[in-house]
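Pasting the structures here.
Look for subunit A in each of the two complexes below; its partner is subunit B in the first and subunit C in the second.
Now for the complex of A and B:
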């Protein structure tokens, strides 16, 4: 019996590590591609472990000269793929839309958590249904609307739609965090003569700090990775990283090394953020409906 | 608790320090009415979801006339065209094939991996953390990764599949009708199976131990335990994960856009991509709007039916 269960245990450990290794491999391959010369990228059979590491791709993409490890002269800022400003665009859009989204959602979520008004369930269902709209079905009319009001190709335009895209997530998630704060606190404060705003600002909000941080991180990531709206609503004024990386496919071939370098630069902040919210991740991914 | 409340009430003074206009803005938020709290959200959602929806409906009854350079009213022409457009029906078929295949594989594989990882072995926390990483990669970049790895000449996945004899020498996975959709599905399955794993794992870990202990004492087999105890207890968790994933699978756009652009032929044309290309590549503004409305209507029907029958609640 014990021998049997010990071998089963070993089998489970091996299987678990193998499965996760399979999921990590594409990531490993992409990250190493960012450090490869064209020669190694086009190797057949593909070079998985053995290649000459280079920083050339990062130097070209970000227009900086990283002295060490350099094998050949690189023109800083040269090449067709100078992408540092695009990283900045991504940061501005993700940050702006997160602030807007979390602010509006926090106010609304407090009301949804505390005031038992008529039609509350219908209201929550409506907010949820906006999460179901295909981005393309919003992006197409929005393109024409933005063209008329001059929001096409502007930070404001992208920030607004990214904020809206994240609102259902933010509202439902913040509601679930406010629901965790006992209502008795509000009630006794009201008896003591505090106004709703004061209770919200001084009592409930500080108690839901962790929830707000988790919501903000998820909003940031979803704006950071969004594709359709940026593709449709911008031209030359701004472009975020996911959209600009797809433009690395040119008629003379694909600049895989540069693209991988940009991709890696785009993943790093997201990886750091997601590891910060591990505890609230499942709640976030399920829009607040499952608590861990 | 009442001490906190008293402290809050005592802290009434600071808001008096705010400038007058701001105080006026906050006054509606002091009472028991929900509306002032919801108003900014409602305004945003009305402007950015309801107005575009109405605009889209209006657009579907118009079409751009390239020679006169203006939108012209065409009545129900776009809706009638849809009916006899074989490419539309084809893309509907591709969308549903993609939807069912990807969702089923992610569900089954996600549950299997979750059961495998549901243990307190040392290092399993690290494995869970590693799985979260795929969720934050921009899907467009995931598409690029799988484009590289499935290249017929130097892609590592192509190389392995060729070595195993699964595909022929130099078979272009993403450029042949028979395998292109599978190649796109692979990217989706890789990126989002961990989504299912993490949610199921959280569900499994929060199950009460008593029913399992009782079943073990009664000598139930692992399969019986899974079917009779785990599945029923996990029902809500599974329903929520399937709903959220299903919505995203149905409206998928990024992978096909960067990996195949709908090709070869029309073998990977999903509704979203077909609508987008009609609008922006072929300047059929009204027709693109019509197709995007169809995908919106379908997803609302499917999701709401699912919510009703699976009794998902927020």
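Now for the complex of A and C:
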């Protein structure tokens, strides 16, 4: 390798790291904010590296004491003003709605991909069109419907609406993955004597694992970050992270430290989930069954 | 083992007719090749046989039984696809034994039969591998083993060699034919490659536009093509065609075109003066100092064992196959002759053989 190309290589590495830094810095700043005292948070100029780390924000947010024998501090306003937000609610809702929508979407998508029927294309377009409706437009009517059927303020209610919101995209995404599985593989199994269900379960589904993982990640993240429906359809029974986060903005100021602490904690389950499905995500789809 | 019979088969996709009133019968143990250009209906016919396409009208019989409405799984056929269509998430052994597993064959027997089939195609030591770990030729062999393990009545091959390189294709041609000779299973093989058809078939079914152009042994198709289309499709390099007329000199008929005068067999029944198209296969054009055809050599293409002479005869392009030691030079004049019985005459309008 020549000197010239070596220096170019170095330049490229510097450029790559700069881009990484650009994306990682906000995350870094957010995470460090979670460990800062209010004074450090509002420092001018902002203290990026040097500050006194504290777990105070986490303790307040989760209503528990993390330090050694440290007393839980009483917040201004008296008592534990920020009730322990139930991170658990978010996990249940996101996990539940992901399982529900991925299951339904996978079945629907396989059918759409394999069985020709009159108006199939129109059907696919119609499926997508339901996603174009802004959530705010249906939130209020839905509130009354939920109230009547008793789904208001329940896990089932929130899981259901999140799954429904995710379905169109999940169906289309899964359909594209199934479309990528050559239909000759189905036909080969048909001739081998397999029923449609067996083909789906034993042959096609294992090939679409990568697609299922990708779809699941998408559904999970949507549910994890969804705000409007949780805000309108829940009261005290459950609250997910985005809605709890919004309650940190108060008339007496914004509790940045608490908000950051909750945000950081909320990153963990989503991160773990993506880590779990990552292996499937990067797997090749057809795995060399066919000559490309 | 079984016979396959097509009686007046018509196939329509929506309102588009791709096959009309096609009848054909394939004998027990026969290796039949459906040959034709893309879109001629050969794959559709194969897929109807498999039960992957419905038959619009007519009867399809396997082993004497009408199977139009019988689902694929109950037709007792096995099929090899162009892109192999192996199950990527299963090992070679699982791929081969999948059909047995569905039929609830006991595990021990499943394994034994899978091993047998794998050994038959030379994959004995690859049973635990996944398709992605195999080469194209090996994948094709897995597909064949998968078909054979079933001991089906009929094997269907849909252009199984198109994705392989030339050398492997020649070898697999040989292997498939050898397997057929050993197993004796009725086989229907679809291809657009006339060499595959010529080398493998007991019976070639040449198709064109959803109908059968000609059915016969490879020799019959080569020696007595029923039409100009059939003559042109079979043989490489392709047959030379010249337009001209038939003239009668007493009782010695001759084909006459510009710069060409060829004696025809006496038995010919074409009326003198009729316009005809004369076809001559390149190997039938023989270098002969007394020959009646004179051509200028444009290019001599060496293929190894012989040489293809590209000639210009009275402004028309001709190809002749000569032995490699033929004394010819580019730009020079050569004389050629053709035995009368090697001439093929076709009607210029209908293209039918005269």
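The working rule: the second predicted complex is superposed on the first by the 224 of 292 C-alpha atoms of A that agree within 3 Å, B and C clash if a C-alpha of one lies under 4 Å from a C-alpha of the other, contacts with A are read in each partner's own complex, and residues count from 1 in each chain.
Just so we're on the same page, a contact is a pair of C-beta atoms (placed from the backbone, for glycine too) under 8 Å apart; a residue touches a chain by one contact, two chains touch by 3 or more.
Since the model is a prediction, treat every value here as computed from it, not as a measurement.
With both structures placed on the common chain, the touch criterion links A:188 to subunit B and to subunit C. Applying the stated contact rule after C-alpha superposition, one finds that A:27 touches subunit B and leaves subunit C untouched. Once the two complexes are overlaid on the shared chain, A:256 sits against subunit B while remaining clear of subunit C. Counting the residues of subunit A touched by each of subunit B and subunit C gives the higher count for B. In the superposition on chain A, A:92 makes contact with neither subunit B nor subunit C. Legend: residue contacts after superposition of the two complexes on their common chain; A:213 is shown touching neither subunit B nor subunit C. Looking at the shared chain after the overlay, A:38 reaches neither subunit B nor subunit C.
Within subunit A, the residues touched by subunit B in the first complex and by subunit C in the second are 182, 184-185, 188-189, 191-194, 198, 202-203, 286-290. The residues of subunit A lying in touch with subunit B in their complex are 9, 12-13, 15-17, 19-20, 23-24, 26-27, 29-30, 33, 41-46, 48, 104-105, 107-108, 110-112, 115, 117, 120, 123-145, 160-161, 163-164, 167, 171-172, 182, 184-185, 188-189, 191-203, 221, 224-228, 231-232, 241-243, 245-246, 248-249, 254, 256, 259-260, 263, 266-267, 270-271, 273-275, 278, 281-282, 285-290, 292.
Listed in rising order, the residues of subunit C touching subunit A in the complex are 50-52, 72-73, 77-79, 81-89, 98-99, 102-103, 130-134, 136, 139, 146, 150, 163. Those residues of subunit B lying in contact with subunit A across their complex are 1-2, 4-9, 11-12, 15, 26, 29-34, 37-38, 40-41, 44-45, 48-49, 51-53, 55-56, 59, 113, 116-117, 119, 121, 123-124, 127, 129-141, 143-149, 153-156, 159, 190, 193-195, 198-199, 202-203, 206, 236-237, 240-241, 244, 247, 250-251, 253-254, 257-258, 271-273, 275-276, 279-280, 285, 288-289, 292-293, 295-296, 299-300, 303-304, 312-314. Per the touch definition, subunit A reaches subunit C in the complex via residues 182, 184-185, 187-194, 198, 202-203, 206-207, 284, 286-291.
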